[in-house]
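Note that subunit A is present in both complexes that follow, paired respectively with subunit B and with subunit C.
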Partner chain A sequence: MSSDTSRLGLYLLLAPIFLWLTVLIILPHVGLFIVSISEKVGPRDYDTGFANYAAFFTEPLYWRTFARTTIMSVLATVLTLILGFPIAYYIAKLTKGRAKTTLFLMCMIPFWVSELVRTFGWMILLRETGVFSNLLQYLGLVTGPVEMLYNDAAIMVGLVYTSILFMVVPLVTTLDSLDDSLIEAGYDLGGTNTSIMREIVIPHAMPGIVSGCIVVFMLSLGNYLTPILLGGKDSLWFTGMIYTQFITRFNWELGSAFGFLLLALSSLVVFLGLKVSGQSLSNTMGRS
Partner chain B sequence: MIPTNPDLECRDLIKDFDTFRAVDHIRFDVPKGSFFSILGPSGCGKTTLLRMIAGFQTPSSGDLLIKGRSMIGVPPNKRPVSMVFQHLALFPTMNIGDNVGFGLRQRGVSRSEIKTRVSKVLERVGLPNVAERRVDQLSGGQKQRVAIARCMVLEPDVLLLDEPLGALDLKLREHMKVELKALQAAFDTTFVYITHDQSEALVMSDNIAVMNNGRFEQIGTPHDVYNAPETAFVAGFVGDANKITARVSSAKDGVLTLSADGESDIRVAAQNSGFHVGQLLQVYLRPEAIELLPNGAEADKASNVSHGIVDAVLFNGANSMVTVKAEGGVLWKVALPQTGGFSSLQKGDAIRTRWHPAQARCYQAAEG
Partner chain C sequence: MNKSLLVSLIAIAALAAPMSQAETLRLLTWGGYAPEDVIAKFEAETGHTVEVTTSNNEEMIAKLRATNGGGFDLAQPSQDRISSAQEEFGIYKPIDMSRVNAELFIPSMLSATAGNTTYDGEVYGLPHVWGTSGLVVNTAEAGDVRDYTDLCDASVAGKVSYRLKRPTLIGFAYSMGLDPFAAYGDTEAYQDILDQVEAKLTECKPNVKTYWGGGDEIKNLLRSGEVIASMAWDTGGWQLNADNPDITFVAPEAGALGWIDTFVLPARGRADDAAYDWINFVMQPEIAAMITNTAGNFTAAVDGDAGVNADLKARYQGSFDQEAIDNIKWYPPVPAGLEAMEGSTLDRINAAN
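Take a look at the complex of A and B:
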């Protein structure tokens, strides 16, 4: 009897998460999958098949955009790591008390406004009549106005800027947990800055690095606003393509297939990343 | 000139922080192959001193020499010293072999030589075949030995130990004391050990420096520090002691007669002490210096004999004590021998105590 009631209690407790998983994640994906394997043969007439997936592979624009999105996201992740690691190391190891809180807060403050506003901020800086362009002209370094928007570099800047916090936070947490005496012991035993970084700090921070990279990669891959606003019409992004299929072309079938391909891709890249770094998902996400 | 250079020499070492002076005119030298302890209460500056020797902090002034070479301005990774950290600081991301081999790798020793040297040093500390294990698979005492092996594999001139036994339980600590001393003798390396635990310092050291408020109060052998403390602080900090404040009422033939409020006069031997009549003194007396007199025993004239009542019996095996309330109301801690006929002693029993004037140590007390 008592085990029955406790079991009922467990189910009741788990009910919200089950509901959430089923209604908001599993059901939509199942629906999306069914849509993605439907081929339109006539008005209101559908066959089942993989023609939508085939269309992706036969049309170079689709898979090139796909590959481009992947490569740029990986690059954005690497850049964010390279920029974020020194920041996190400085916050976690070289500052104390008030300074630490202040710096951490300063990393966080830009994220209090929406991504849209932040991206417009970059547009104000980078556009032809923007701050940088005017400054360069004022200093006499260039003769005419320069357009810095609408290229891949602008997208990269935007992507790194929008996701750096999600790299810094896990890194600060893991680096904080690194005992200073380990670093001192490294020096004491004759280690140099580089060897201590390589053999002590980075192995310790690995779970934080991997979890930060996963989050940043996912955010970049799924980002829609930044590539559209900063990249303009020349810089296609795969999420933009999905949007076009759904909204502009009203081709839900192809859009769904794209959605699934994106899901498969992100899972694959995360899997490869974990394999290469020798970490497990539970190790990187489970501890903080 | 001394014929052989001491391994470690400190000359007038000073370390000032913003608001206080942590290390104040420290000077000492440690002969080669000896075990030197710095004993002091927490906050006395001993850790700062050790960190200066290791190179993690720079002295404000003074000089520090290792094997006759000044270490001022030499970074920690270039000093011929190694340190065993308080919490050992073994690298959890590496296995034991990689931990011990870390220093050798930094020196660019070849892979095969690292392997042989690591296994050799692990054997010497009594842990063969652990190289492949993870740090968390070892017990506390084993980790301790790995931490020492990690330093000793580099053959440092001086090994610094920062209270490494603090985290161990009592039984293991007792065991490691003996083991550390044996390891030090086996490696024949100079050890500098800091601790706040007097028994660690007394058991292991060849020489002890007792530190207080950034200064060395006394440097000497464990025997000297315990039996002939030079200052009141040393007498009070090292070992147990009864402490009474009394005024000199007469001085004759090197024996002072002191009187404290409400106490019977006590006599202490103080040859050439320079104390004069009327001076206020602090008298330190070890519990084991006081004898309990069996009933009917004859008291000799030279000793201090007083009557008292047993206030409490503190049974602690070989370290058992009784507190005896003397007629004047002062409580005396007296060692309780477990061999004699005092095992039936109980609270409230009347007892006589006796101690020889030469057993007590007197220091000038601050006039209140």
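Take a look at the complex of A and C:
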């Protein structure tokens, strides 16, 4: 009797997460998968098959766009790590008390406005008649207006800016847990700055680095706004392509297949990343 | 207990009684087609309430497709996108002409739209607002741009913008002396036209600053002077003309592309009465003029241009002489499946270096 009640309690507690998973994650994906394996023969006439998936591999444009998106996302992740690590190290190790909270808060302030507003902010800064261009002209460094928007570098800036918080937070958490005495011991034993960084700090921060990288990579890969608004005429992004298939081409079948391929291929990239860095998912996600 | 039940029953009955006449009209339309003052007047006159969702052609069809034609009671896609969407997805229901006050419509437009939106013997669309797309040019700096292909001229290099969508393909094809609308029914001939346009647009790509996506984006680019020649809607050009007299809409030599936005009833709309009331309400000449003054485009209402403000009329006449009006290329209905061909062409142009 008592075990029955506790089991009921367990089920009731599980119900929200179970409902959330089923209704919002599993069911839509099943629906999407069914759409993705239907091939259009004619109006209101569909066959079942994997032609949509085949189209991704046979049409160079599609997989090239995916490859481009992946490479740019990896690059954005690396840049975010390079920028985020010193910030996180400074916040976690070199500041105390109030200064620490203030700095942490300053990292978060840009995230109080929506991504759209942040991206528009970058457009105002980078455009030909924008702030940077006028400043450079005012300082006499350039003679005419310079266009800094609508290219891959602008996308990169936007992506790094959008995702840096998601790198800094896990890094600060893991670096916080590193005992200062370990670093001091390293110096006592004659370690240099680089060797201490390499032998003590980075190995300890590895779970934070990997989980930050996974989050940033996924956010960049799945980003839609930043590449569309900041990118130029050659800047195809895979999510933009999915949008086009769904909305402007009325081709939900191909769009759904692309969605699944994005899910599968990005999982594969993360898996390879974990293998290369020698981390496991439970280790990285569990500790940070 | 019983008493309170009785009270609530009465309350429900009291609420339900006017409900049978006053409905909520969920309107899926374009920005500017349902101005606040028109809605207020309509609500006061009929007792219905109106909920407006603004969108564009593709999103309207996508939204209705996602719900099999539910969620909205009246939608306003362009006339060329109705019969194919009906054929493929079955998202509309036929118009009951007996409930429409046909006298309010300009007869030639009513019959043309009826012809273009007929599927399986039933009419699905009524004309509402019409307009064109062509060139919006800063005449002081790019006065030589008179046709779509002039956008590829070296004199405007780097200061050009257009959309990477089907109107661009059609416009360039006409400008290159081809006739894409005549080839709509012939897949091979149309593909041939698309291939030629693709070559031209790929060659033209270095001239383009960026491909614009939304109306506000292109207006910003033109207003700031970053773009001096573009392919855009007539209203956008006229709005900019009010701020900067140098910028205006130019009807291209090859012909402006004419569209008519319609009224259609989504297949699972629930408030047909309100929808017909709205149609008959907004087509009255004075209401039509109010809509023209906010949307910037003229309507298919008889005498609808009488109450339009003089500035807008002057701009319209400045862009269109009689010859330019006769030269407007009206979009015929898009056959199902054509978008897929255009889609891959656009993708290739986008990816080309």
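In this text, the second predicted complex is superposed on the first by the 286 of 288 C-alpha atoms of A that agree within 3 Å, B and C clash if a C-alpha of one lies under 4 Å from a C-alpha of the other, contacts with A are read in each partner's own complex, and residues count from 1 in each chain.
The rule is short, and it goes like this: contacts are C-beta pairs under 8 Å (C-beta built on N, C-alpha and C of every residue); 3 or more make two chains touch, one makes a residue touch a chain.
None of these values were measured; they are calculated from a predicted model.
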item	value
Partner chain in contact with A:T48 - subunit B first, subunit C second, else both or neither	neither
Touching partner for A:T5 - first (subunit B), second (subunit C), both, neither	neither
First (subunit B), second (subunit C), both or neither touched by A:T129	second
Subunit B versus subunit C as contact partner of A:H204, first or second or both or neither	first
Comparing the two partners subunit B and subunit C, which touches a greater set of residues in subunit A	C
Partner chain in contact with A:T194 - subunit B first, subunit C second, else both or neither	neither
Partner chain(s) touched by A:L182 [first = subunit B, second = subunit C, both, neither]	first
Residue ranges of subunit C in contact with subunit A within the complex	58-59, 61-62, 65, 85, 87-90, 165, 205, 208-211, 213, 224-226, 336-337, 339-340, 343-344, 347-348, 350-351, 353
In the complex with subunit B, residue positions of subunit A that touch it	179, 181-182, 184-192, 195, 199-200, 203-204
Interface residues, subunit B side, partner subunit A - complex	54-56, 75-78, 81-83, 85-87, 89, 91-94, 102-103, 105-107, 150-151, 154
Residues of subunit A defined as touching subunit C within the complex	43-44, 59, 61, 64-65, 127-129, 147, 149-150, 228, 232-234, 236, 241, 244-252
